[in-house]
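A, B, C and D are the chain letters, set down in written order, and residue numbers restart from 1 in every chain.
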Amino acid sequence: MNRITGVIGALLRRRAAGIAVMLLIFSLVVGLIQPRFLTPDTLRIVMLAIPLIMVAAMGQMMVLVSRHVDLSMGSMLGFTAIVAGMVFRDFPDVPWWVGFIVAISTGAVLGLFNGLVVTIFKLPSIIVTLGTLSLFRGVLFLISDARQVDPQFIPSALIQMSQTSPVFGIPGIVLIAFGVAFLTYLFLDHTRLGRQIYAIGSNPAAAPLRGIRVVPVTLLVFTLSGALSGLAGIMYASRFGYVNPSITGVGFEFTVIAAVVIGGASINGGVGTVLGTVLGVILLGTVSVALPILAVSAFWQDAIFGAVIVIALLIDRSVRERGARSVVAGHRP
Amino acid sequence: MFRKSLVFGLALGVSMASGAAAFAQESLSIVFVGKNTGNPYFDSLVQGFEDACDVLGCEFEFVAPATAEATSQIPFITAQIQRRVDVIAISPNSPDALNQVLDRARQRGILVLSVNGDITGSEEFRDAAILPTDFEKVGSDQVEMLGSLINYEGEIAILSATTEAPDQNKWIVGMNEALENNPKYAKMTLVATVYGDDQPEKSTTEAEALLSTYPNLRGIISPTTVGIAASAQVVQSANKADQVKVTGLGTPNQMRPFIKDGTVEAFQLWSPYNEGWLASYFAVGLKAGTIVNEVGATFEVPNLGTITINELNSINTQAGLTTFNADNIDDFNF
Amino acid sequence: MSGAEDATTRTPPAADAATPRPRWQVILVRPETVTFLFLIVATIGASWLSPFFADVRYILESFTFYFEFAIVALILTMVIISGEIDLSAASMMALSASLFGVAYQAGLGIPGAMAVSLLSGVLMGAFNGFLVINMKLPSIIVTIGTLTLFRGLAQVIAGDKSIGKFPAWFIGIDYRFVFDVPIPVIVFLIVSLILGIFLGTSAIGRQIYQIGTSPIAARHAGIRVNRIKYGLFIAMGLVSSIAGLLAASRLASVRYDLATGGELQMVLIVMLGGTYIFGGRGTILGTFLAAWLLVVIATGMTVANIPINAQLTVLGLLLIVSIIATNAIHVRTQR
Amino acid sequence: METATTSSAGETVISARGISKQFAGIEVLRDVDLDFRAGEIHALVGENGAGKSTFAKILSGVHRPTRGTLALRGELVEVPNPLTAQRLGITLIHQEPVSFPDLSVAENLVLGRDQGSVLGRVPWAKITRDARESMDQLGINIKVNVPMRGLSIADQQMVEIARALASDSRLIIMDEPTAPLTPIEVETLFKIVRRLRDEGRTIIFISHRLEEVRALCDRITVFRDGNLVHTGDVAAVDDEEIIRLMIGRSLKEYIHKRRTEIGEVALEVKDLCLPGLFSDISFEVRKGEIVGLAGLVGAGRTDVARAIFGITPAHSGTIAVNGKDIGVAEPTEAIALGLAFVPEDRAAAGIFQSLSVEHNITAAVPGRIAPRGFIRHALERALANEAVQKMRIRLASLRQPIGELSGGNQQKSILARWLLTDPSVLIMDEPTRGIDVGVKSEFYDMIGELAESGRAILLISSELPELLALCDRILVMSEGRLTADLSRAEATQENVMREAVPKSGVHSPTVAA
């Protein structure tokens, strides 16, 4: 019995391979039912559907690896997108790239705020970010005066990033998404700081004993999560062409968390790979594109995402059976 | 612990005793309860109210909940009842969840107007409905619009809001009837009706699926502002503006770039501004006794001319839809 | 192993006689006292903001809008005291209410539909309990998953149509009065009283605190930790479905988006009431007071026509501040 | 086995002067003066809580001394944190290896050791190569690119040692490193340690086992009650003397003298199995009898106790209390049948730290304080008061959080909790761990009294002298099996140890808890 579970465990541990296989099977099944699914066009649609999730997922994955979670991403996305949009609206002459700087730096500040509350008051990040989820949304309503930024104010250069680009026809935001994934990979796997994030998540109590400064690294992780949400925010403006305070980013955090946990990042910290996360995002994107092509009601989407989170948690547990580890210990300080 | 709650009750009671007496009303007070904040459509509607009240000397305020969820307007209506306003105008988020609270408002002598959308099936819970146009005709108008863009032939699809959105469904019924019954549209085939839930992400995915599933698609009608913007965006990024025509209902500000770059040739809507303007005149006239709220009655409104009260006490601000295209879009800002 | 432990284990006998804090201090730094003071300040502030606020009838009527969340928050208080959390309650409300609506439409009649709804609540609660207790997953992340799942299922089952046309006797519970007090207020008072007595004086109530303080020690002391936690999660599902039914009665209709975002308000009420996010501390009284505090704040701002923009900010800020404040109070009084 | 050479006259590497440490106003270490020389293996011994671990933690920067100074080769140094200690060449190898389970062995080796910019590139190839090299140097066969999670405790211990070596530490402190190791592993470890000494490094070896101290160490320092009571060459003192120095008096004072007869069988365990932890456990404990359960850490003693009490139930086998066969799946059921269990980890599994003494004492008897389901406070107060008096618990108020009490009084409260359930079988797992010497003797008396009153007692302890003094019989466990059942007459330190050491040579079962 031990050997069998060992084999399954080994397979599951190769999470990336597992997701790739799932992706393949899923695509084939959908393709059998609806042959039109297996066309290059679907690939294009999927690629356009995932960049925002991918960018934010990199941030969320780092947060999970450090044994935290960030529920405020949707509000940070909306917040940064509105701020960037307002800059475009109120200063029509600024070039498109200023939006990137504004959104990313605004996001970084919001993320830093999350990090500070978590580290200073030693509170569980999940509750803190649940609070800032509504706080940020409220402030975003205040600063935007609850007004939408209309498409006419979004620079066309920005809009064009979501369309066919000179680089093999791949849209700019797709390139950005994969670029961010690659940079995240370099950062997490090949820099000392990146490894420290894993160390903190793997054993927070021992990290200081090895000279890792837990508080600054944690702050950095939350700041990065905010900054990447900001990048997703400006990409939202590019992709959808307008920013609405009450729509933009609502519920986004759940999609991102679903993608990241499918990708194999553990809620217990210390585990998570860029490759797995990228595949998780693609799988989720493929599912959401396949639903309308199969003419399945969009109503199923949330239920499927919810089920996916629960199932991914169960897989995570079976892979990393931690014996007598207390149920509550996870969210105690 | 319950000793403490008693103390609380006392404290509340004391503070209540010193509560305010009724405030003398100087002029008519109108409150408009929107669907939700951040909905650009209502900016223009509110402007209509404000301008009319400037002329008429009424007091106007705009409130709206954060989400368009069914129950979210209830505390706002109750608060307005408590404020003893004279008129509550509301864009209802639910056709039936508001019935009881609206009933209460009317018991207190408050005039309740449903604006921009009706509480279909619960009409007895409001005094009158101010609707932008005759909703029965919207469907056929939209089919005609798209038909004119594609020479009345080819596959078409509808991208709507939610499956149960009452206004959209009424219009979709109208579209289907026109397509079936009018020989003019015999060569147009409706291949799909899909729903984007008025969410940009879902609407975009649905529109993309339409393009991918129906390679011969010639046109998309999207009778909702989120849907038409998403459809236009999808067609634009797929470089299929020549092949697939997008039209529907949208606001000029939302659609301006697509009109400018030729992705969308024309779309339609009405004037939300006039809804606010008309509602204010109607309310003030009714309260002053110069207008009778009876089916068939008529009254004059500056700029809009003679208005007739239709069946179920519904009032339209304009007969047909306004069409926006490259020629006139810059005349509008909402 | 750690220094702190060395200290406790090696305390010379002389250090035993630490004097406990004076009683007045114990009472004054209780989080509930803070909630109560806030309530008074908020009531005065709201009366000052709008002359229309200070009206008992109006406040009682407004309470009915938050009543469903408040009653769920009472059970949530016990769940959080036991060291767990349940964020899926608002979604459970929506799914059970949607099932109620669909069952009624299918011709089951109100009693049958209510039974379906209550049963679904029990099952959803048991499902959460299963994932947390048997699968040993952290409740906070599990219930975020089921939050999405249950809401999604509600959407699948009920679409986005409004299901209504319930018989007249069923609807309008918020507009029935006993001595001018709406029935929901009376229900809330009675339920608070019962749960307050249960949690404060029953043996199981005591065990809930002990579980929240240390689940391992509780198990070693023979407390049926898993059974009690299961009970709490099921109670959570049951009370959510009851809240869903009450909302259906109040609104005369149900939709899948019922109580969207309600989990935040529920957690806000519990946190405002001074319950410790890490478990082991908190009272029903605190939650009871906090429910009124939320009503006073939200209603005060609404009747003063303060834009919802500012309201959202205030509530978000309130949640963060209340967590930080109760945390600080509990950490201070820990030793 | 090579005999320990007497102190090679190495120069003094580190010297401590007047080191004192207070925790929350309580002095746990008093004016310790101690020098360590290059090229020596120096044993630190003492009872639990004597201060040896605290002293080691001060040396390695985990704690800072309240008073006193450290000098490294004559120069005064500050050691504010473990990283500084590391840079000064001081490494502490914790009793339970501190590792990062999700990171690879190689990465665990370098973490915290690598200097340079945090944004600097991680030289993976070099890290892996170096890791292989240091494993080879130690002569151990561990794959360096697998996650730490899968390693046995012993292997993790070896990785820790490799880490200390790789960082070129001159002073290596090992806190009870042999506890989870098999004899073969211990031998490997000893070889490595001797080699390190021969390279001129200093090794501080904290241990409970005198025979290990004798086999390995050059000098010995004995701590008692926060004081340094003796330093000298190992060869110059005999075991008897060391024990006397450690506990301050002769053990013989404690010996439990039986006054009543041993009665019928109270607890009977048959063929108890829990795969991976223990198998084929059969024994019985009679009324009035004190039975000891001895064994090394990880031998499965605690697991057997937990299984009997229903915390992690056994897979097969039977347990009978007073002749009644029972299937215990929950502690609640065990309690109802007359079992009681004082757990090893008092802070986590015993007390409710922040709750009052009163609530702690009455936690196991909800039925007695709440006859109809609702608590009657007068009843509860009376029960708690009576227990406090009977157990002579010293406290300021019953409403005081139990965390404020001393370890001994906490433990008495736990015992008081169980006496309220009137158990017929009492299982105690390391009941005297972390308790003052003074209170300890009180405890021994109490255990004796409990047996006198006809209760069956199963006593798990790592302090052999304690078991030898108190028990009527001693059961010995090794590698999850019962290896001996020794009567009081047969039981000697040597006999018990011989049965306790693993025979198989493979790794001891990993401790689950």
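Keep in mind that, in the parts below, a contact is a pair of C-beta atoms (placed from the backbone, for glycine too) under 8 Å apart; a residue touches a chain by one contact, two chains touch by 3 or more.
It should be emphasised that the depicted structure is a prediction, and the values quoted were computed from it without experimental measurement.
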{"item": "Pair of chains joined by more contacts [C-beta pairs], C-D or A-B", "value": "C-D"}
{"item": "Chain of greatest Cα-centre distance to chain A", "value": "D"}
{"item": "Distance from the mean Cα position of chain B to that of chain A, given in whole angstrom", "value": "35"}
{"item": "Distance between chain centroids, defined by C-alpha means - chain C, chain D (Å)", "value": "43"}
{"item": "Centre-to-centre distance between chain D and chain B (centres being mean Cα positions), rounded to whole Å", "value": "73"}
{"item": "Chain centre separation (chain A, chain C; CA means) in Å", "value": "30"}
{"item": "Chain A, residues touching no fewer than two other chains", "value": "137, 141, 146, 297, 299, 301"}
{"item": "Shared interface positions of chain C, touching two or more other chains", "value": "159-160, 216, 261, 307-309, 311-312"}
{"item": "Chain D residues counted as touching two or more neighbouring chains", "value": "62"}
{"item": "Touch list for chain B against partner chain A, complex", "value": "36-40, 43, 64, 66-67, 163, 192, 194-197, 199-202, 204-206, 208-213, 226, 229-230, 233, 236-237, 239, 253-258, 261"}
{"item": "Parts of chain B lying in touch with chain C, wherever the complex brings them together", "value": "1-2, 4-5, 8, 11-13, 15-16, 18-20, 23, 37, 61, 63-67, 69-71, 74-76, 78-79, 82-84, 94-97, 99-100, 104, 162-165, 197"}
{"item": "Residue numbers on chain C that touch chain A, as the complex places them", "value": "83-85, 87, 131-133, 135-142, 144-153, 155-156, 159-160, 215-216, 261, 264, 267, 277-279, 307-317, 319-320, 323-324, 327-328"}
{"item": "Contacting residues of chain D [partner chain A, same complex]", "value": "62, 81-83, 86, 98-103, 107, 111-112, 114, 116-122, 124, 312, 512-513"}
{"item": "For the chain A and chain C complex, residues of the former touching the latter", "value": "69, 71, 117, 121-124, 126-128, 130-139, 141-142, 145-146, 254, 257-258, 267, 297, 299-307, 309-310, 313-314, 317, 325-328, 330-333"}
